[in-house]
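Worksheet for the structure shown next.
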Amino acid sequence: MKYWRTPYDLDKIEVPKGKVHIIKDRCKGCGFCVEFCPRDVLEMSEEFNSKGYHPPRVKNPENCVNCGLCEMICPEFAIWSTAKGEKEGKGGQQVPRGNKG
Amino acid sequence: MTVLKAVKSRVKHPMDNLLRMDRIPHIWCPGCGIGIAVSAFAAALDKAKIDLDKVAIVSGIGCTGRVAGYVKIDSFHTTHGRAIAFATGIKLGNPEIKVVVFSGDGDLISIGGNHFIHAARRNMDMLVICVNNFIYAMTGGQVAPTTPLKAYATTSPFGCVEPPFNIPYIADSSGAVYVARWTALHVRRLTNSLVEALNKRGFSVVEVISPCAMYYSRINRLGDGLDMMKFYHDNAEIKHGEDTKNLDIGFQTKIIVGKFVDRERPSYLESYNRWLSEMKDGTP
Amino acid sequence: MRANPKDVNTGVYYIDGDVASGYGALAAGCKFVAGYPITPSTEAAEAFARIAPKAGAMFIQMEDELGSIAAVVGASWAGVKSMTITSGPGYSLMMETIGFGAMLETPFVLLNIQRGGPSTGVPTKTGQADMMQSRWGSHGDYELIALSPDSPQELFDYTIKAFNLAERYRCPVMIMSDECVGHMTEKVVIPPADEIEIEPRRFYAGPKDKYLPFKPDEDLIPKMAKAGDGYNLYISGLTHDERGYPAENGGCQSVYTKRLVDKIRLNKDKIIELKEEGLEDAEVVVISYGISSRVAVRGIEMAREEGIRVGSLRLVTVWPFPDERIAELAKKVKAFVVPEINYGQIAFEVERCSHGMANVILVPHGGAGVHHPDDIYNAIEYARRLEGRVEGVIEQKTRLERLVFEERIKLSE
Amino acid sequence: MRRLMRADPKGVLTGVHSLNGNQACVEGALAAGCRFLAAYPIVPAIEAWEWFLERAKDVGATFIQMEDEISALAAVLGASWTGKRSMTITSGPGFSLMMEHLGLAVMLETPCVIVDVQRVGPSIGTPDRPAQGDMMQARWGSHGDYEIIALSPSSPQEMFDFTIKAFNLSERYRVPVMVMADREVAHRKEEVVIPPPSEIMVEPRRYYRGAKSRYLPFKRDRDFVPPMVDIGDGYRFHVTGLTHDDRGYPIMTEECQEYNVHPLVRKIRRYVDEIVQVQEADTEDAEVVIISYGAPSRAALKAMGEARRSGVKVGSLKLVTVWPFPDKRVAELAKKVKAFVVPEMNYGQMVLEVERCSHGRANVVFVPYEEKGFEDDLLSAIRKVCQEKKVREGIIQYHG
Amino acid sequence: MNPFITAFAKGIERSGVDPIKVSVVSDIPFDPGVVNHLHIDFFHTIRGRAIAFGTGLKLGNPALQVVPIIGDLVTLGGNHFVHAGRRNMDLLVICVNNFVYRKIAGELAPSIPPSFSPYSTFEEPFNVPHLANSCGAIYTARWTALHTDELTLSVSEALKKRGFCVIEVLLPGPNYYRRIKEIESDLVNFYYENSVIRDGEDPRNVGITPEGKIVVGKFTDKERPTFIDSYNAQLSSVLGDEFIPYGG
Amino acid sequence: MGVKMAEIRFAGYGGQGIIRSGIIVGKAAAIYDNKFATMNQSFGPEARGGACSSQLVLSESKVLYPYVTVSDVLVAMSQAGYEKFEPELSEEGLLLIDEDLVKPKPPRGRIKVFSIPATRFAEELGNRIIANVVMLGFFTAVTKLVSKEGMEKAVADSVPKRFVKLNLEAFNRGYHYKR
């Protein structure tokens, strides 16, 4: 069962592309991101992480539209997406999101 | 510990600068919604454009009470039920600080019920985020004042016999100026609500209904966290402005969410300062 | 009086101390438990909640610890035996009402499963640092009784005893257990009801209009009446006279409050229970209570293997304190070794009672764990070697202290 | 390393005033820089915060009447972390309710002052009569192990002086400090001399001065006291009532418990000599020493004079700091004197400490406070104890 | 206190409840003579815990009619108040409201020190009937010391009801605030001129404000199962014959 | 000191049934095999995922000193648990591990290592929560410290009625696993 409808004018919109990042060892395998991803990008993997859970893995990378829901709904701060083409998050170089204050 | 080492990877999560990543993974169970509430709060802090140095977060005891330990701002993990009282001191000690109380239903409404209603009555300027998972989870699944009638818990092994509190109603009737309720599934709306409430002056309450996959759903055989989230999806109904007295939550019944109260009242400090200046002028 | 068979779940169980205490309470005839969840004591409340409805008893989870203990005092005046269950922080919240219970001479039992403190401390791990609090925690002068069991079986037995003492002396009785004992699982034998002796409440039976709620019998303890029986009770937390009316002369040496301390102090010998072992020829005596006494066993064994004559004195009743017995021993032995899971509480009492005649060596432990037997052995060994009298309590440096402050081991979960 | 600073003139009402103990206490607090009071009304402490409220508008202090004493102390702790010197004022029953937060104050090492105007207990007792029944509670009332400091004033002037001292000790050692007054002292009206601000020395808060990124809220200096920062200064620190490491992060192991809690005890025990203060009179040649504190110490001085006149060599040791207890001094005296006489307004609390520290070398006599004929009781106790041939075990109490 | 005591006594009489079974739990000491005269049991408990103590009393012996009379205006014991309401504990709570709201005090006697109000003067007080109603009370009413007949009726009605009933009584000067006694009669006059009876008014609208009149009356009267009822019902439905209904 | 039989340590994460394992073995020994058994637990505030261990002292007579000093058997269900408690294991001890979750170092002394994919088996049986019961079956077969019958009774008493069958299946899966 899918929980989000597909917009009927999908073909007219320029769909942004996103890339999903997962920190596997933070994951506790709750499955929220897999279930609620509106674009069905993710699935649960077979592998165990260091805590013995099955983290998600990207099934359909091209489907990601960088909506950010996975980031918001992940209770473990283990997954997020960036726009394709953006500098990818390594060593804190990703586009700052937080208030630096 | 090995796990911690593994986590210190080079990749950085966008919220890393708002959270104490040296303490992640956090203690919450798989399928728990508190982490989502924290995400929403962090996103709201970001969106509300508040100087993070001037925000303090106070938590009590319980699962949600641990939130203070994970957010990278001035944070206080205090005693059971007294987060609001402690926060009152901070607010009055330095009125420039935006004070956020982030705690659970048992902490805020059960043992801390008195401070909750009195702070609302005074209209003490703070944002209270109450994560409601219908049970005491940290101590192992005891009945809470929010546990729905007939639901099971370890100290109500034959079903809960006490009607639960309707948190928005009690907040409203004791004088809160902003009252909203969302489930952990409504992350975006929750974030927006938190932004509004952060910018509000006075006692604001945001209730977050969250799955407890370890105790509440297990004892009541409701499946895991994901099943609870699906339940919210099917049974939450958004009704902004609904009269707060109609917001009771039964066992696996419909949950009404939305923003219910948004009004203006002079805050405690405003009244206090006015009174002080009147006293000085000699015109009581 | 014998226990009611309906209340006794006779059988052999493999349960933890908390649960055993819940069973013990019911067996003792407790009909009302009010509590509030707090680690590590909740199992006791849960156990009682499970078995109570089948025996016509009730568990209610109140809104906080303040409410719990107030309800317990109320229920006791309604005529039922009652109990509350808590741990450190909750215990601190109860302080005001414990004084109130003592003032009203209300029989009730309080189970405190101690944990690491102060403040929130270490909720899931042990401590013994509320011992002095149990004696001195409420404002004003009062006396009460505190027991310290060391195994699940004892938690069952002494919960019953606590109820009996509470009824006998009309005062709050504390069961000062700790997380180790509370969460320790062992075989617990619950005997048949006719083997369980329980103390009935001492109700007043004379003419109603002659009843004085605080008029003591010869043993200084007054008889009780229930609310709703037509006695026109006037019960007040103010300093009161025999009628219960606020006393005109309610000063700090009021005869009325004096009885609150005297009824325990003068009945001390009947209340105190000690477990003594190998004291006849001992040169060093280990004084311990609760889980520490089981930990001390290993240290004592080690010392005896070395040929040291070590005796053991276990305080089952911690309050009232066995002043005389310790003073007596102090004259005979070289030193006392006091292992406790705090930085010195009962050790100071031992110092007080030994009147400078024996050395007192404290083996401290901050909590969240128990002593290493080596520490206790070392203290015994040191005590034997030490010549002369040293003033004050000697604090033994423990293995843990060296590890943390000298070797500076890394702290992690 | 320590530098005292002068008091802020705004809070100092220099001059000679006729004040009762409660008011003097508030004046002392304001002089010491206290700018926040949270309290809940209770007899006999209520005048204190009425006076505070009266003075708040001139001094610019904040006051809140909380819903109960539990929250009053919680608010005080919160305010203290914003950098304000904070206090609360209460009496017996309220003091009992504060016990849980006393533990939190100890654990968070939050400087604050708690004034307990003792009244007759237990429970509601007799609200408008004085007592000293909360002395042991001050030391042992909260769960878990810790050490605190408590002072005991015996006159309105001392209420003023000791309150300043309490704030200073509290900032110096980062512990809650208690002023254990009683109704008699709090309600007695006397002349109180308030010196000019330049003569009042105030201990400044020990602030952290290093780099922001390196701040650890519980990293102790050599004397076990960690420096502090204020909320809102951008340190983004975390503190918790759980057992924690230097960062303030909870770690639930026995090692961390030792690391965290042992210094809480040590930071007081090691500096006992610095903290402890007693006032002695004629103890050099004394055979009998009266050990007293608070209101009874005035009668004690009178009785001492009387006894000296009748030829008995009596000295007086008045406790300024009740906790920590002056173990050493009492033990020292025990070797020289025949007996200690301890008058108290309770059924025997500090006398147990005297018994403990005298190590069986001197007789210990307890004299309960009676509203009438108290001085005579003291004198007769002194005479009787002089006739004792040897040291008796335990505490002696003469009847009649 | 006297007009209230009289009304209370008459209320017990009119309700037909056996006074022997009535226990008053209060945090204000009563005159022992009153207690003897009414032939009730009286417990003077510590501040704020009257309702919690009353809960224990009621559960210890469900045959009792427990009447907590709270004099602290839901301040210290606010938590017990809301939770007993939620549970629908079978108690009749009489909230003796002796506060002098700022404007009222100001008009009447400027000399009253501000702190004599249980709330600091600038704070808004609770709307007690509304709070009670929102946490689940089944009966709420408010009367002043003048409305003795209505108060009597309310007491007798509430005693007969099963569940959490709250009657707020505006009463000048019980013995807590002695200095207010001097202005007692003025305050009675004030009540006379400024109160208006509106039975059945939505409790939401009966907050006491400096401007408006004091609304008195019987506001709500509904039915809900009490704590003991729902306890017995739930447990017997789950446990069946194994369950021994709780009778204290 | 009584006649000692064994000191056993179970270690893993909260949620794996580590404490329950201790209780079940203790119960089998104390109630069904008529020995003496003292079980102690150690856990963090986390319901799941935190370090968690239980220790069991089995004896022919009353257990006085209730703690493990040198363990004869270590059952490790997590890497962290293994690393923390391996040094405590006797030189002649037995080490039982879940092979998917623990990667042991080469054993010291005469330590014997037995491994079983307990969590994987449990997942195959439909619920990973019963991994500990699989491990208990394995434990019973390897150590022979408690009787199989006693263990089966203890397992049956310790779980809700509707799960008895599943748990016994898990137990036997572990018991009959050939290492």
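The first chain written gets the first letter, and so on, giving A, B, C, D, E and F; residue counts start at 1 in each chain.
What we mean here is this: contacts are C-beta pairs under 8 Å (C-beta built on N, C-alpha and C of every residue); 3 or more make two chains touch, one makes a residue touch a chain.
This structure is a prediction, so every number in the text was calculated from the model and none was measured.
In summary, the chains found to touch both subunit B and subunit E are C, D.
Separation of subunit A from subunit B in touch steps, taking the shortest path, is 1. Farthest from subunit F in terms of Cα centroid separation is E.
Centre-to-centre, using mean CA coordinates, subunit C is 34 Å away from subunit F. Taking each chain's centre as the mean of its C-alpha atoms, subunit A lies 58 Å from subunit D.
Mean C-alpha positions place subunit C and subunit D at a centre distance of 28 Å. Shared interface positions of subunit D, defined as residues touching 2 or more other chains, are 64, 67-68, 70, 93, 100, 103-104, 123-124, 234, 240-242, 252.
Residue numbers of subunit A whose C-beta contacts span two or more other chains: 28, 50-51, 101. Residue positions 44, 46, 48, 75-76, 78-79, 82-83, 123, 231, 235, 239 of subunit E each touch two or more of the other chains.
Touching subunit C in their complex are the following residues of subunit E: 20-21, 23, 25, 29-30, 32, 35-36, 39-46, 48-49, 52-61, 63-64, 79-80, 82-83, 231, 235, 239, 242-248. Of all the residues in subunit D, the ones that touch subunit C in their complex are 70, 92-93, 95-97, 99-100, 102-104, 106-108, 118, 120-127, 129-134, 136-137, 139-146, 240-243, 245, 251-262, 264-265, 327, 331, 345-349, 352-353, 355-361, 368-371, 393-394. Across the interface of their complex, subunit B is touched by residues 35-39, 42, 45-46, 49-50, 53, 59, 61, 63-65, 89, 119-120, 412-413 of subunit C. Of all residues in subunit E, those touching subunit D in their complex are 44, 46-48, 75-76, 78, 113-115, 118-120, 123.
The touching residues of subunit F, when paired with subunit B in their complex, are 15, 44-51, 79-80, 83.
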